[in-house]
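As structure tokens, here come the structures.
Here subunit A shows up in two complexes: once beside subunit B, once beside subunit C.
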Partner chain A sequence: MENTKLDLDNYRSLLKEYLLTKNETALYQAEQFSKLSMQHNISPEEIIHVHIEALKELYPDLTQEVNDSLNFLLEAMISYGLAYQEFQTLREKQSELQSEISVAASMQQTLLSTVKPEIKGLDIGAISVPANQMSGDYYHFVTDKEDDTLGIAIADVIGKGIPAALAMSMIKYSMDSFPENQRNPSAILENLNRVVERNVDPSMFITMFYGLYNPGNETFSYASAGHEPGFYYHGDQDEFEEIEARGLVLGATDQATYRQFERKIKKNDCIILLTDGVTECRIGDRFIERDEILQVIKKYIQLPAQEAVEQVYKHFERLQEFQFRDDFTLIIIRKEV
Partner chain B sequence: MDFKPCVNIRKEWDIVGARQLGREKAKEIGFGTVDQARIATAISELARNIYLYAGTGKICFEIVDDFEHKGLQIIAVDEGPGIRDISQVMEDGYTTSGGLGAGLPGVKRLMDHFDIISEVGEGTEIRASKWVR
Partner chain C sequence: MNINLDVEVVEEDQTITLTLRGEIDAYTAPKLKDALLPLTKKPGAEVIVDLEQINYMDSTGLGVFISALKSTKEYDSELKLIQLQDRVRRLFEITSLDSIITIESTVRGGN
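So, the complex of A and B:
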């Protein structure tokens, strides 16, 4: 204890002052002493030792019983000192891990980044927010300059955090490696299913929805691998309809096939895609109903698509007291003409 | 080497015997009360490990007094199952004591020098020393 303020003399004079005056100033200084001690990694048993020594100097006739009992207290503090040191080490380790995860998270963001395309006649809004630093949700837009089609992928790894994020990166790279002319939703899911089945732990499941919009014939074709059903919004009636598409989650069996559906998109209609982070929002212990989600979306659906998804996100963020339990992804695509 | 005083660990009560002998040695060499208490706690941990995981073993003490150091070495020896993954038991937070900050990392913190040799199926020898300042 080289520090002048930390030494025995200082403690002794503080103690003496307190015993004489019993005033708050001395107690405040004791608090400062204790903080300074912690900064210098001084264990509680050392403080007690300093206390005993100071007391002995102030009261040379200290009775044997008091002296012994203070030594007893010192003995009883040893484990607290150890626990405190362990806590310090673990805290350092935690901040190292934290910064490692931040680096990984920003790497993931770069890897999974997708450009929201500007497509004539379509208004697109997308938001994806991880519950923790790393996301197990993923969405991606694929455009084709030749025929102006738009591919939309939205996927969710069951589970979250780092394992989910790692699995997601794999999905992204598999999709990138598929041939350019491979734009067929059911074929894409079938290919991805084989990749996931071969490479991902059987306990991990990935749900995915893939849709392809062809402006030439105003048709939206899609297939789903067990993904949270999205909604089709009828602009003229101001009503929602669930987009039905059933299929096995990716990776369950290598033989899975995915049925492809098609539908015409009318002017002012919207396609709404989401992950279960949206539908499994909780208020207290209660999951919200899908109807409640639709009410919220309805409230904002007239806004430009990007503004709408952001408002919906903000609504649920507040509802959940700013603490999402799962990654949240929402996409709205409106046909404007 | 001097005659080494040892305490056999067979039952929980023997931990107290080991602490007592260790504290006497520590006092003899000139350790202050705080270090005496730390040495006693380290002995407790080592003796309890023997009692819990090896069943029987012994704790011996050696007074170190050479040009460099003056101090006490605790030697804990058992012929128990041994430790398969030493790095793991030396990791903070691993302790079977339920995160009470003790365990072998605790012993290492309480003492100035710590060494461990273990063979699976043969046993474990831990040497922990503390120097008088």
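So, the complex of A and C:
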């Protein structure tokens, strides 16, 4: 295809060709001309100006009314052209913001990254998928080399996007700074509650479940700050049980206390932790019920833990019209011996 | 999301009733916050929020009620939620917010 040239001569010959032949090719070239004009930031009124000039050269005897009306059109297009320029500027700004958010998102990932630990006798699977670029969900594994305990935190910041992500980083660093001897779940939640209450916006709060597994006595101790209840899977009976651990969300008042629970873990039992991104999603107009989630988990529970969490996620992702309104996080821990 | 939230306010002396209709989520929560928070800043006011016609609320909605509660403490007013549907009530129960926010105890069905 011959290059469309952005000049008066070219436009004039296109116009002449069209007026004489009503040829489709000329129309097509006019379209190319306008696309090229946009690429070169040529305003609409400039094109009209070119049109008027070309028309005058082709038909020097235009009536005064036609002449005036063309000038009128030219004036009318000026503010349209300005709006278009503004739109272009906004588009550029938007892409700048977009790239800044990407930088923030990858920084968040670095800050909050947690290593899924390899622990003898435990099979651990974890998946966390943000609904937007910045995640408000968080999970963290804390291993202690001295006594082999494993701490597991799963949390959901309410409030989305960047503020939620910033709050999550604060939580992580507070947890890291707690002294080693305060690693029991109720103490951790009580301390975090005070941090959150003092430091975040009144309408923002965090739900968190914290568990500590001690392989020495095969005991799992846990406490919850208003977090969506997880499930306990009894391997020998192939049955699920809800992990009940009531407790107030972090940040609602400064005086909350958290009751700590304990249970022995048997071989082949699983602890399943999730965030409400899993239960707050819906298909079309229908909500997904907790039972339904449980059915899906049940279907895959026999798989290795990492495969199981991925299959559960894929199940929901596959559903038509399924929309994640929130971040999705699921952790499965199985005791293998 | 095209689902909206309607807020209707009726004031009778110190009792202010907010009747909500629709959904409370990240998109509509700011509207609820703008309507609810100023009402809790009137000392002595009893703010009643009727949630009978709210069939969906996510955790962003809980955040609005937490900030309203904090505001009632600051301005010496009261907040009470009534006619919660089961799904909405469950959110307050899971988060134990029902232990610090006054919630009318009548159990309601609803879808």
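Here, the second predicted complex is superposed on the first by the 329 of 337 C-alpha atoms of A that agree within 3 Å, B and C clash if a C-alpha of one lies under 4 Å from a C-alpha of the other, contacts with A are read in each partner's own complex, and residues count from 1 in each chain.
Everything that follows uses one rule, which is that a residue touches a chain if its C-beta (ideal position, glycine included) is under 8 Å from a C-beta of that chain, and two chains touch if they have at least 3 such contacts.
Predicted model, so just to flag it, every value in this text is computed and none were measured.
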Subunit B versus subunit C as contact partner of A:Asp123, first or second or both or neither: neither
Partner chain in contact with A:Leu74 - subunit B first, subunit C second, else both or neither: first
Partner chain in contact with A:Leu82 - subunit B first, subunit C second, else both or neither: first
Contacts of A:Glu310 with subunit B and subunit C, given as first, second, both or neither: neither
Partner chain(s) touched by A:His49 [first = subunit B, second = subunit C, both, neither]: first
Touched partner set for A:Gly247, first subunit B, second subunit C, both or neither: second
Contacts of A:Leu90 with subunit B and subunit C, given as first, second, both or neither: first
Broader residue contact with subunit A after superposition on the shared chain, subunit B or subunit C: C
First, second, both or neither for A:Asp144, with subunit B first and subunit C second: neither
Overlap of subunit C and subunit B interfaces on subunit A (superposed complexes): none
In the complex, subunit A residues that touch subunit B: 45-46, 49, 52, 71, 74-75, 78-79, 82-87, 89-90, 93
Complex contacts: residues of subunit B adjacent to subunit A: 32-34, 37-38, 40-41, 92-93, 99-102, 105-106, 109-110
Subunit C-touching residues of subunit A, taken from the complex the two chains share: 156, 158-160, 201-205, 207, 226-229, 246-249, 251-253, 276, 280, 287, 325-326
Footprint of subunit A on subunit C - complex, ascending: 25-26, 33, 56, 58-60, 62-64, 66-67, 69-71, 87, 94-97, 99-100
